[in-house]
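Sharing a structure with you now.
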Amino acid sequence: MTTLTSATRPQAKVRTSLHRTEIVLAGLSVLAFVVLAATTGGNLLEAGTLQAVLQYLAVPIVIGLSQMVVLAVGQMNLSVGVLTGLCAMVGAGLMADAGLSPWLALPAALVVGAVVGLANGVLVVATRINGFIVTLATMTIVAGLRYGIHGTGTYQDYSDGLVRFGRANVLGLPVVFLAAVATAVATWFFFARTVWGRQLLASGGNPLATRLSGISNDRSVVIAHTLSGLLAGVAALLVVALSGSVNASIGDDLLLPSFAAPIIGGVALTGGVVSVVGTCLAAFIVRLVDVAQAQYNINPRWVDLVVGAVVLGAVLVSQKRGKETS
Amino acid sequence: KRDAETTSGSAAPSGKAAKDIKVALVPGGPHPYFQPWKSAGADEGKKLGLADVTFNETAGWDQTKQNDVLKSLAAQGYNAFGIFGVSPDNINSTFSDLEKQGFQVASLASCPAGDTNEAAFCLSTDVELAAYKAAKAAIDSMGGQGNLVHLTGNKVDSNTQRRIKGVQKAVDETGGKVKLIQTITDIDVDLQSAQRAVADLLAAKGKDVNGIVTTAYNPAVAAAAGVASAKLPIKVVAIDDDSSIIKGIEDGAVAATVTQNPVGQATAGTYALSKLLEGCTMKEPGVIIDSGSFVVTKDNVGAYDTERQAKTAELLKAFDAQYLSCK
Amino acid sequence: MRLVCSNLAKVFPGVRALDGVNLDLRPGTVHALLGENGAGKSTLIKVLTGVHRADGGRILLDDGDAEPTHEVDFSGPSEAQAAGIGVVHQERNLVPAFSVAENIALQAIPSRFGVVDRGAVRTLARRCLEQLDIDLELDRPVAELSVAHMQLVEIAKALATDSRLLLLDEPTASLTGDEADRLYAVVRRLRDQGRTVVLVSHKLEEVFAVADTVTVLRDGRSVAESVPMAGLTRSEVVDLMVGRAHAELELASRTVDRTVTPALELQGVSTDIGHRDISLAVHPGEIVGLYGLVGAGRSELVRALLGLATVTGGTVLVDGRPVTITSVGEALRRHRIGYVTENRKEEGVFLEQTLSRNVAVTVWDRLARFGVVRDRSEDSVLDTYVERLGIRLSGPRQLAGQLSGGNQQKISLAKWLAADCSVLVIDEPTVGIDVRTKAAFHELIAELAERGLAILLISSDLPEMVALADRVLVMHEHHVVGEIDNTHHYSAMSSRIIRLVHGEPDHGEPPAA
Amino acid sequence: MSTSTEQAPATSGPAPDSAPERAAAPRLPWWANPRIGLLVVIAALVALFSALRPAFLDIDLTLVPMQSDISVFVVVGLAQLSVLSLGHMNLAVGRMAAVAAFAAGFAYDRFGVPLVVGLLVALVVGAAVGAAAGAIITSTGVNSFVVTLALDFGLLGLVAILYDRFAGGVAFAVHPAGMDALRSDTFYDYCVGPVCGPPVPLIVPIAVAAVVVVGFLFRFTRQGREVLMTGSSLRAARLSGIPVTRRVISAHALSGLLAGLAGFLLAINNGAFSANIGESFLLPSFLAPVLGGTLLAGGAVSVIGTALGATLTSVIQKGLNLLQFEADKLQIFIGVVLLVALSLDRVRHVLAERKGIRA
């Protein structure tokens, strides 16, 4: 087998480039964190500060994963943000208005997320309309529903126990953060080890080949959207548990971050490649920018500039070898 | 060029009867602040025997959409508008468009940016004054010295800039005893980002901050909750009287709040608009009228509403006596 | 398993791709499916595997050798798979980011409770690759493999489901002779185990070597149905495919004046890809062949020449003047050099664009009047080449992706003929092209040279090389290892070239071929 | 293969010596044209809304302002379409509009230039920002989605800082001569003798001109075609001698230019050059071209479809406004009507496919 075994020359290094992104991001995170910690005189390392950093990292991680799941099959979900808001309002409303216990209200919120996700997926598959557009339409609908639950009002004091739990720490780490990490691990396992996860990635990577292998791309799309909705529901639970007060504005600011995390993390918009680690690290870096703003008292408008630069810079560094445009 | 007068159904006092008057109250978008407008406007309309007073909050914080909503309402036969302009910088054009077509317009709860007001009158909280009062209240509760932080909304909004000015004025008056260490803008978009900003602020500077004054809704809710859960001795002054904030005042989480007078705006606004349609004119078109702002602390939390009702009655009287000229 | 189809029909917009096909596949045979480009072979295979649904006719299946009675109508590939039909399609169908092992196992991923059993995946993959007698890293993403390796992975994948009927659509198009031989050994073994193998190929030598029976398609109809191969000669088969007596091509011999300035010359060129000290010259009217094994660096040399990789040393001369070319556009417009790519699907044609635009893309600046390009003028460019190259299409607005593979190749060539270049680099022009079109292509290339074009021909098809080239340069591992004047004596030429290809020195012409 | 070859002699194959038979290109039935489908949906909605609310046909209060809105959103849609043609996206359309509007406002404020000059300034600045985006995309090879997302963040900050610095707030208080006429006049206001023009706002011709120019560009020019080819396969385009880098940059520049035009028109419509111009452009910019049949994948565009798509969204918005739904119901209905409109288009498409015609 002479010609063949010698015939190994590097070409498009799919995996290594993803690994490189992850390594660059990890390096960047550590660097940024160390610089931030040093320049703030160690303030960043104090329990309270670290806790605030990690608590509000939880939702960006989960919402990034929620977007990543649909990116895996080459779709987009514009409704993740408002869906998080809807689920949060449903959960809080069931506790505050209907007097349900968190044990019932929270699963109900998750179900709402999954059902809306399922609807997205079914619509995409049934109508063959581009997912971007379908979720654009459902985003409007979900935004309406979200607002319809409690108008402009704010739910508060729905469950002391839940909020205490949401703000608790285990081994110095916030519970909500641990929950987000657990979600990330589960997502990783799904993609790396389960048949459905692999089939999703296959559908995203080469739909035609996947179809010819007897795998239904339609099913992959439906599963991906459902999971995305479910993860938006998980993000909503974290919001409800952590913040202690929710209103219909929840989720308005989540759409762009939901894309920023996976894309900086090295996930291809074309589908077929995911990186849970990259997504989490990217969310962390974006979070550090927020923290830096608070620490250094930066004009938030400059922060926008910085986030823009960070997004571009991170992607640039990790894609040093010019790949194809588009 | 065609004569403008011929098309526009003349803004001149046509002397409409109450039953021909349909008033639309149009806020910039859904926000708890505006909720009292709905019932207050409807009540006043009933009292005056108007054909209809509607409340339409579908603008969604987008000036183009608000213009669209206004024109749709006009097409439906509404002939007087109380408007909270989404964009104070553009809203004068909207006002003059409507007036050109023969409608009566009042600017409610916010005045156009700049020095001119194309609406018949502007009935609003003097936001600079309200922010000043709020900062004053914060400074008082801090004991007249220490570090103050100001949390507010969209920086690209002239009202926010007025608020920043008001807070600065109160701080300047202390002659350096109070320092304004940070003004955080753009955190009124949604509750989560307000909460995150408050958490970051407290983490970064919690120990150096003595007081927080908020002049936007979501930051107020977030600050009250954030400070309470961080158990820091920071005095929070909130804005408006959403039930969550009043509760905060009652249990001490919030030092004070500055409430505004949406009821008065809707009531007096509807009243004056109907008068204008009935044939009255403004003595001084474009006049700016303060609808009042009220500092609420634990001491007067039960009583502030009576004060506010008095202000509303006073506004109604002032329109008759001072601002309107009726035959 | 026996499969019988009768009167199958399949209609695409504007085309009757299948129009009454009968087929009888018996267990334990290798069945060749032949036909010209666009005859409907791939379409038939897609209908048999549930990718397309037939518009008419019946497919009957049965276990064993008996007359089948069980009618099937596959609504998707998975149903065909479940019925024991495995397939390697003409176009590559792998998931680029997945490993070799996973691609092979993709159709039925071994799992426990929904969790992938990675050990079983690897075992399965290893077993399939062993059947092909190749050794690939199981964990390597297929995107990193060469085209030939991808093809082999695809064949291994078709073996993974233990199909009783295996359909291979041009499996050897991008394999070397050696690899192809190994594949056919497997095919024979499968046949001996009692399975059925259907083979589509334009390489008739291979077909004659391995197939037992043959079905020939012409214009979507079966003109020979499951005929034993033994009774047929090569020219009879070709006559069947073409529909008339087919004369073997004899190219007129040409003489080239090598004293004039070369149209294209490389002097000691090195590239950042690894080429060192490459010198060659192509004169007007000359066809210079560049031969080598897959991966010898021929295509990459040309790409560096056109500015797609960097020339790090030496000189490139066009018409005797040293030049630096930075893009294909520059090569085309300033130096009149054209490049017909080897990879038609990704680089040669625009699959989602109309045929007119595909052909006119190189000449828009010439077609434009006052900046305006009219559809009519594009159509007339297309028309010229439809006639000259015999492209089968349903109309100028047809999308290129709807053409058969061979016709796509013609479109890709037509584009560069339209550009009216003086130097043409043609890379693997006849991969996947049927005999007659291939002959037409050869005729055409010779004619172009006759008209004074300088042609650099890259081909891995040795007979083609010997038939066309005036001189053959042999590349091996990014070096030119030898240059041979073509004597057009196939056996002598081929033995000299093969020696060079394998890195042995050339001892000149062997005594008396 | 056309059916006519059935009777053809055996030599009808693709031999170089005999021209192959060519079937006439399949004729589309009128309803298979996606543009017609959109028109039908629009007509149906207009009929429905006018039946429910006669005010829908009120010229001064409904039809005239609606035309102005549509004009802006058609141009916004075209701005997105310019890069969709490449299979790219421009997430910074809104912010490019804001920067361009700032530049125009600045020119009016500082230099007192005439109305037209301000428009030109807006176009130039928009095109420059767009070209910069294109240049970053081509030189780094980073996905357009990411680049324009980052650019959006960056410009968001920049616009606020610029207004802060140069307008001393959030808007320019400028009113160049002719701005009010452009904003509120219709051709009906201009009469020659007893004959007055139609009730069409003065800015409509600007949008129509944009449609015509962009349509012409993609339909008839070499540059436009090359952009489409690049969109359909970058590698094939490069290997066919198309200067892909230049084409990518120019498509993005065109997108920026149109975004600038849209920003200018919106500023005129709203009556002020302010920082919030373009904030709500992003979603409509996708909606109009995609409703009109432009692919997100690149390689094909429909300019007329974009105009119809923008019209459809405006009609829906206007009609639902007139029906006076509450905020939450309004949003729900907009979403549902959109989905229904899109699905109807799909049904049409499927029917056409079943008839064996590619629509």
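Going in written order, the chains are labelled A, B, C and D, and every chain counts its residues from 1.
Methods note: contacts are C-beta pairs under 8 Å (C-beta built on N, C-alpha and C of every residue); 3 or more make two chains touch, one makes a residue touch a chain.
Note that the structure is predicted; figures quoted are calculated from it, not measured.
Peer 1: What is the chain whose Cα centroid lies farthest from the Cα centroid of subunit C?
Peer 2: B
Peer 1: Centroid of subunit A to centroid of subunit C, CA atoms only: how many Å?
Peer 2: Each chain's C-alpha centroid was found; their separation is 44 Å.
Peer 1: Between subunit A and subunit B, what is the separation of their C-alpha centroids in Å?
Peer 2: About 36 Å, centre to centre.
Peer 1: When the centre of a chain is set as the mean of its C-alpha atoms, what distance in Å lies between subunit B and subunit C?
Peer 2: Distance between chain centres, rounded to whole Å: 73 Å.
Peer 1: Roughly how many whole angstrom separate the Cα centroids of subunit A and subunit D?
Peer 2: Spacing between the chain centres: roughly 31 Å.
Peer 1: Multi-chain contacts only, two chains or more: what residues does subunit D have there?
Peer 2: Each of 160, 235, 327, 330-331 in subunit D touches at least two other chains.
Peer 1: Which positions in subunit C are in touch with at least two other chains?
Peer 2: If we look for residues of subunit C contacting two or more partner chains, we find none.
Peer 1: Residues of subunit A that touch two or more other chains: which are they?
Peer 2: In subunit A, 147, 151, 301 touch at least two other chains.
Peer 1: Can you give me every chain pair that touches, using the contact definition above?
Peer 2: Touch list across chains, by label: A-B, A-C, A-D, B-D, C-D.
Peer 1: Name, in rising order, each residue of subunit A that touches subunit D in their complex.
Peer 2: Residues in contact with subunit D: 123, 127-130, 132-134, 136-148, 151, 256, 259-260, 263-264, 269, 299, 301-305, 307-309, 311-312, 315-316, 319, 322-326.
Peer 1: If you look only at subunit C, which of its residues touch subunit D in the complex?
Peer 2: Against subunit D, subunit C makes touches at 11, 13-17, 19, 36-38, 218-220, 242-244, 308, 327-329, 331-333, 339, 341, 346-353, 357, 361-362, 364-365, 367-368, 371-374, 386-399, 407, 415, 419, 436-437, 440, 443-444.
Peer 1: If we count contacts the way the header does, which residues on subunit D are in touch with subunit C in the complex?
Peer 2: Residues in contact with subunit C: 1-3, 5-6, 10-16, 18-20, 22-26, 220-222, 225-226, 228-229, 232-233, 235-243, 297, 299-300, 356-358.
Peer 1: Can you list the residues on subunit D that touch subunit A in the complex?
Peer 2: Checking each residue of subunit D against subunit A gives 86-88, 136-138, 140-147, 149-158, 160-161, 164, 234-235, 248, 283, 286-287, 290-291, 296, 298, 327-336, 338-339, 342-343, 346.
Peer 1: Quick check on the complex: what are the subunit C residues that touch subunit A?
Peer 2: 49, 51, 76-78, 81-82, 87, 89, 92-98, 102, 106-109, 111, 114-116, 118, 133-137, 141, 143-146, 148-149, 157, 176, 178-179, 293, 295
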